């Protein structure tokens, strides 16, 4: 691997700091300017948590998953069931069985239940999905996502279906979201540096060879899948307790799938730097387009872009990046460590840098 | 007047330098052999000429045109056909479809029909196999089919990559009989072979390639009397190795 | 007995629609190695084109829709897929995902996301009485269209020059280029064929349901994927069979599931696929092809 700092523990620390500090500083500064930006910041940090979670699976295994939003659905609804006050639950979800109506957990435990439930689901589904090769796995993950959405859409007694489920305690703010995003990033780096991460990355380049060398490809993928589902679900839980409401209407989760995949792909799905940069750029673009859709005051006129513009804009950004730079803006590289930090690491890699694409 | 003119060709795969400044010519009606050990860069040379691999440096001229950077299909139209090392016949197509697809650049159906007949004469084993899926053919039959398919584009230069690979001697005889006939008809051929004796028996001139460098050029007679072949086959002289990593 | 015949007719007509969708997706996958998320959106574009040109004599409407879809498919190939042709199948797939999203929301921008209704080919919604069994005209149209189009496509691939070139490109694109096949032309032909399949699905879909939203393609895409996974993306016959199988399953569930479980029908169908993959992960043709292509 050319010049990858995440192969040493110093590099892990370096990568965490060089990405984490700007994220933290920018988030805290922007959030302190007022409630409007604080909301945008919180939302973006929650997306960052989800994207980093997605990166743990896609970046390490090389398999695209179109199914991770299912874990957001499962995690956020479970946390809602656990934390909405019983008196309110009786009114809003009369179809819920009695024992569910009486449960009332604190936000942390409730969120944990959501995350664990998603992880459990990932484990069970992963047993099947992880046996599949690249594209087949992607298609199956999409089918899985559809199953979950159909179920939650129609399971009205528990989810209120396409109507909104409200009454979630609202506790997620910029600081909590920042903590979640930083923890997710650290987890991603540690996973990448662990034996599992290294082995899984080896299978990404050549699954057959890795298999022949005795690597249990399916097991490695499954571990990554479960960890990644848990992180993504944690983002989902926060999202629920940030908005205070959940819904499955109008493709929200498909749009979310698109957004987090786009963020990862635009930045470069093979590095944590890519995940972070992708989130930053697309969050900015999305916010800009959202302003346009809301209306743009020029003198006495308000120009309002038709709804849908935001999504079209994101789609086009993603297409342009994919076509001009299929590896993403970072080309799958981390931020390089300065030489004085990494003298030992770099030798021998030098002549390979940049030359690997020549063959085609 | 030379048809194919390769000058100072260099091909690089990542850190591996497969060819490092190779020059060679093939004139009309001439059969030129390229012999050398495994990994010498023979396939890389043919791939570069066919446009599959983009050279790092050097020029490839064909009949006055510059082939470097030209799309593969245009190179075929210019008159170059490649029979690749592993034959790569289309196993799911029938034998006759394999021949027809070789004529993808042509629309003269009468001529195409005639050429199919001619190929049947060149390799008498083929015609009765025409309706069969090509994947069911034996190795020798596949090699004949691959040559036939290449001829269907009416090339002016035919490039053969190790036609004897994995074939029994009797079958190799049949393949080489075909090559001799083509030579007699005046086809220019660039022949890559590891079986030096076979190659020298059909060629006008031969180049000895090893570690990406041409070590010797000459007629079959000259090569047979030079001692260099052993050196090229069994070990690379140290001065060459030093040059190679530069 | 009548019930059984009725069931078979329903299943075959629904299955036919799915089979056409699956073939359209499978054809492009076979030739280009692209899992096309935007395929259902081609169908959606066809439906809206019918909506906009409903005033014309119906064959003209269909013709315009066909032309529009062919141009859309070729443009998609040229703008989005050709630049990444040498990239991994995953990259191709994600490009088509982005394209699908962009198309859907462009239509939201133009037409809003509310459902539009249109009464196309009203004659087709009348029921025919054949030997005591009532059959919807659309069902007959669906069955006939499936048979005719599948047959025509099979013949095209079997007997024409572009047909064997397509098979060659599918097997070994580099070698195909080395024998002088114009790979862009062959791929364009595949896109045209898939556009013609898509416009057929549009016509049948609009004639049957009469309503459309910019998101109508989504479900079709998923069903098409599922059918191709079941049937094996390597072979068009497999795709067709997969489509029919999904059709049978859907119709069967419609008949067998109690009313309160009806809304979950799709979940059962997609779940069946995940289950099937669990039971026979290596037994599907699709998997072999996917490995080869990587």
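Residue numbering begins at 1 within each chain, and the chains themselves are lettered A, B and C in the order written.
The working rule: a contact is a pair of C-beta atoms (placed from the backbone, for glycine too) under 8 Å apart; a residue touches a chain by one contact, two chains touch by 3 or more.
None of the values given here were measured: they were computed from a predicted structure.
J.: Looking at contacts between chains, which pair has the highest count of C-beta pairs?
T.: Maximum number of inter-chain contact pairs occurs for A-C.
J.: Among all chains, whose Cα centre is located farthest from the one for subunit C?
T.: The most remote chain is B.
J.: For subunit A and subunit B, let me know how many angstrom lie between their CA-based centres, rounded off.
T.: 52
J.: Can you give the whole-Å distance between the Cα centres of subunit B and subunit C?
T.: So the centre of subunit B lies 43 Å away from the centre of subunit C.
J.: So what's the Cα centroid distance for subunit A and subunit C, whole Å?
T.: Each chain's C-alpha centroid was found; their separation is 31 Å.
J.: Taking each residue of subunit A in turn, which ones touch at least two of the other chains?
T.: Counting only residues that touch two or more other chains, subunit A contributes 360.
J.: Subunit B touches which residues of subunit C in the complex?
T.: 161, 164-165, 167-168, 171-172, 174-183
J.: Would you pull the subunit A residues touching subunit C in the complex into a rising list?
T.: 62-64, 66, 125, 127-129, 131-136, 138-140, 142-144, 146-147, 150-151, 153-154, 250-251, 254, 258, 261-262, 265, 306-312, 314-316, 318-319, 322-324, 326, 360
J.: In the complex, go through subunit C and note every residue touching subunit A.
T.: The touching residues are 35, 80, 83-84, 86-91, 93-95, 97-99, 101-102, 104-110, 112-113, 215, 218, 222, 225-226, 229, 263-264, 266-267, 270-271, 273-275, 277-278, 281, 284, 286-287, 290-291, 293-294.
J.: Help me check something: in the complex, which residues belonging to subunit B touch subunit C?
T.: For this pair, the touching residues of subunit B are 50, 52, 72-73, 76-77, 81-82, 84, 88, 90-93, 97, 100-102, 104-105, 149-150, 152-153.
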